[in-house]
Amino acid sequence: MANNIKRNNVGRPLVREKIHEIIFEADTPMGKLFDVVLLVLIAASVLVVMLESVNYINARYADLFFTLEWIFTIIFTIEYLLRIYSVYRPLKYVLSFFGIIDLLAILPAYLSFFVIAGTHSLMVIRAFRLIRIFRIFKLGHFLSEGNVILDALRASRVKISVFLTFVCLLVVIIGSMMYLIEGGEGSGFSSIPRSIYWAIVTLTTVGYGDITPATEVGQFLSAVVMILGYAIIAVPTGIVSAEMVKGSHSQISTQACRYCGAEGHDHDAVYCRMCGERLN
Amino acid sequence: MANNIKRNNVGRPLVREKIHEIIFEADTPMGKLFDVVLLVLIAASVLVVMLESVNYINARYADLFFTLEWIFTIIFTIEYLLRIYSVYRPLKYVLSFFGIIDLLAILPAYLSFFVIAGTHSLMVIRAFRLIRIFRIFKLGHFLSEGNVILDALRASRVKISVFLTFVCLLVVIIGSMMYLIEGGEGSGFSSIPRSIYWAIVTLTTVGYGDITPATEVGQFLSAVVMILGYAIIAVPTGIVSAEMVKGSHSQISTQACRYCGAEGHDHDAVYCRMCGERLN
Amino acid sequence: MANNIKRNNVGRPLVREKIHEIIFEADTPMGKLFDVVLLVLIAASVLVVMLESVNYINARYADLFFTLEWIFTIIFTIEYLLRIYSVYRPLKYVLSFFGIIDLLAILPAYLSFFVIAGTHSLMVIRAFRLIRIFRIFKLGHFLSEGNVILDALRASRVKISVFLTFVCLLVVIIGSMMYLIEGGEGSGFSSIPRSIYWAIVTLTTVGYGDITPATEVGQFLSAVVMILGYAIIAVPTGIVSAEMVKGSHSQISTQACRYCGAEGHDHDAVYCRMCGERLN
Amino acid sequence: MANNIKRNNVGRPLVREKIHEIIFEADTPMGKLFDVVLLVLIAASVLVVMLESVNYINARYADLFFTLEWIFTIIFTIEYLLRIYSVYRPLKYVLSFFGIIDLLAILPAYLSFFVIAGTHSLMVIRAFRLIRIFRIFKLGHFLSEGNVILDALRASRVKISVFLTFVCLLVVIIGSMMYLIEGGEGSGFSSIPRSIYWAIVTLTTVGYGDITPATEVGQFLSAVVMILGYAIIAVPTGIVSAEMVKGSHSQISTQACRYCGAEGHDHDAVYCRMCGERLN
């Protein structure tokens, strides 16, 4: 934390180091403040984009929104340039995921000068600034607890892929069957892709009701799909639960061996599993 | 339980002590009776509010409801005054969450004398009397079992916050994408906030169907959101399951062996499963 | 199994014993056959009731259905009388849950002679014959596995009650809030009970869409309710999962103590928890 | 892997062995390549069927689709013949599940020469080619992770059957009750089967909203069904979670100590946690 001299040995100016510390790190008071201010600014700028999209609000406050938008854009531009200036490998940052998102956050406002057609879409793109907020997970305890979740998801990565592959194949097959049963110009099941969309709506228990079966056979198949969806939600839930339980079990281990310092012993362990010495 | 003399030593009148015991404690017969009667009265008064809101019922029984309402209000007023009289720190009670709720339960009826506009809203507010019923969790076994749930939720507090933050960011991003795809005057996706509302309806698998995608791209995005919602429900479920499993484990094992210190004995164990010595 | 002589000692005729064995027990070949035949008959009779309710099918096969219905009624009547005849305490059976259901299964047909008004309702009541099928859980492995589920549910009985009480209070409060926000003649939220119905539809993620919020504030509250419903489903799931895990853990224990015969030791136990002797 | 000579000892031509190895096995480079190419071809052919069903796309690219379809059919025909040629027991393969699916994948195109009526249905049947993709689960890690899921589902087979039987009986009873309450020509609950369909839509929290209760009693019953559905989803979830947890536990602990026989060691344990002796 804050040992500029050491870093300065690498041969970079002190100011640059300081900026890097404030912008990219979260464990100094200034760094924390910067993160919080940035989060508030992003949230505020996204709120402006959201309110702008509501017609009757935009009609009244269009000028205010325009001014605010330029203030946000200028601040974010300065921040973007400072990031490039202070980072160790500017190109790597620019081409990184967050580098591109940071650029996308400021580009639309500038482009609106040149581009006339599609300005509307450009304005909406600013909403994706919100992705920058995911940096919030860099903050304190959020990180560690979020990591527990991520670890569980990472550990069950392949299992969930298998499950999702299975679900995808299933909905295509169910959709095709439904198209065969109810398909036709008049009905909602006008094509196989639309029937697959219905199958997903039904299997995931969302159930919009924009497309519903009209025939008895169709309703019977729907009923089967619903019960299937109701039952197989147990699979991802079970996978993640098992990983979480495993994760929390391994957290239980508290004491360290006096001889070798090994940690992670079971609660009921009598001897160190690493050096064989007795635990206290 | 019921040792008035000791308490009287503090220097408060006996009657006041007795009232405090009846109203605020649940472990004497009178205290239990009071709680049950109060619960029934609250439930009945909320039922009256609910029935009053149904036009054709109110048209017929308006007078009866009016009389009942005043009976409830007078009883609750007496109870409120007794609470203030008997509690140790009246001001702290008055400003506490349940103190405010208790006041809100009787205020609307009295205010209806003075206020004419907005009487309807005032009447509805009485329904929030129901919040008082949450005092039910003070009763016996409800408390301990409810605490197990609360402990699990408390232990997974941060994890669930991380999850909810993630979900909130996700729905804003999905909503903005959908507004970009299907947005426009004619469609249901008339603004970003409305599109976010749709994203929440879809991701949580509620699926009202009041706003549904019309274009192919929109339906594809919807399908992705649905499957996402179907899969990530596994996360909160897994978090709480893991905490519950951990909690139920710790319920089993309580005492440690005096000889070898082994933990994790069953509730009915007589001898240590590790060293064979008698447990206390 | 099939030791008539012993039972005959009680002083009941052998035929009666035999009938009792066939009807009430499932572990003799005849008893098993009886159960299966009865299940098929009940299923068939309910199917007839279901098909009768479909207009265009009933129009064509009314006579066939009438004949079948009488055949089923006569068989079920004989069965009912035999049950009364063979059971040890006829009155207790007649007044038991299944005794009443068995009577309800045959009554409508006979009543249709005398009652003319409400015949339709009478006919539908026959569908509740299906409840008799729950006797299926008497059969073999269904019983033991079903018991594991029931045990888990029974163990989490109080926790689930607490949860359901909480949900009930919550939907009343949410419903009242929504009535306050969107209530009025024109909207779907025409009364508090209806608003509570909406709150249940939303919180449970069913989402019919027959009542949906129209105002911004209403949609915001809906969004909160949905995310709440999406998150708190983790609670019952966690409760039952934890009980199931606990149940399956306690199933793991396999070996019995050589000295005292105590079972249910943990996998890693070294000494018997009941008598303190060494386990093998 | 690739020991043709050995196999050739069985007396089959080398070419046939080679084909068998490529088509039926996935652990040689050629076999893996074959599987991947086949998967891509199947996916592409199903995509063509799906796009063909969309009217405005088919109107433009009908000729292209026709050509592609024949290319796919010819490739799949060659593959089918090679499978029959190279497999050890051709008849067993032809009559196996995948044998029939493989035939169904090519039949519609050939039949379209002879059959004129029902050509539309024939074309759709080609979509079921997708079932062939389930062979994907033959590939590498997919297999082992998929097996963990399958094992959990297999272990909870009976429990889930009990649950599904219970759900099926429940929806019939709820459906009949609802028909009794709201049934009638005008309403959506026009017959018992339709009411059962509604009960399934509601209990599984799908909630299309195509049939909704109109009366107060009906809405009350719906509310009960919804809360029931919201609560009992915990049962399958709990069942599968418990099996998964059990499964992941057994993955951790494998070896037993040679000295004291203690089990449940971590994967990386060097010494027995119970007696301190070295593990092998």
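We call the chains A, B, C and D, going by the order they appear; numbering starts again at 1 in every chain.
Following the convention adopted for this analysis, a residue touches a chain if its C-beta (ideal position, glycine included) is under 8 Å from a C-beta of that chain, and two chains touch if they have at least 3 such contacts.
Being a predicted model, the structure only gives us computed values, none of them experimental.
Common neighbours of chain B and chain D, by the contact definition above: A, C. Averaging C-alpha coordinates per chain and comparing to chain B, the farthest chain turns out to be D. Rotation angle, chain B onto chain C, C-alpha superposition: 90 degrees, expressed as a multiple of 5. Looking at A-D and A-C, the interface holding more C-beta pairs in contact is that of A-D. For this pair, chain A with chain D, the centres built from the Cα atoms lie 29 Å apart.
Chain C has its Cα centroid 42 Å from the Cα centroid of chain A.
Across the assembly, chain D contributes 163, 193, 196, 205-209, 229, 233, 237, 239, 241, 243, 245, 264, 274 as residues in contact with two or more other chains. Against chain D, in their complex, chain C makes its touches with residues 46, 49-51, 53-55, 121, 124-125, 127-128, 130-131, 133-134, 136-137, 141-142, 145-146, 148-149, 152-153, 160, 163-164, 167-168, 193-194, 196-197, 200-201, 203-210, 229, 233, 236-237, 239-241, 243-245, 247-249, 252, 267-268, 270.
Chain contact summary for the complex, chain C toward chain A: residues 205-209, 237, 241, 245, 268.
Residue ranges on chain C touching chain B, taken from their complex, read 158-159, 161-163, 165, 169, 172-173, 176, 179-180, 183, 190-193, 196, 202, 205-209, 212, 216, 219-220, 222-223, 226-227, 229-231, 233-235, 237-239, 241-243, 245-246, 264-266, 268-278.
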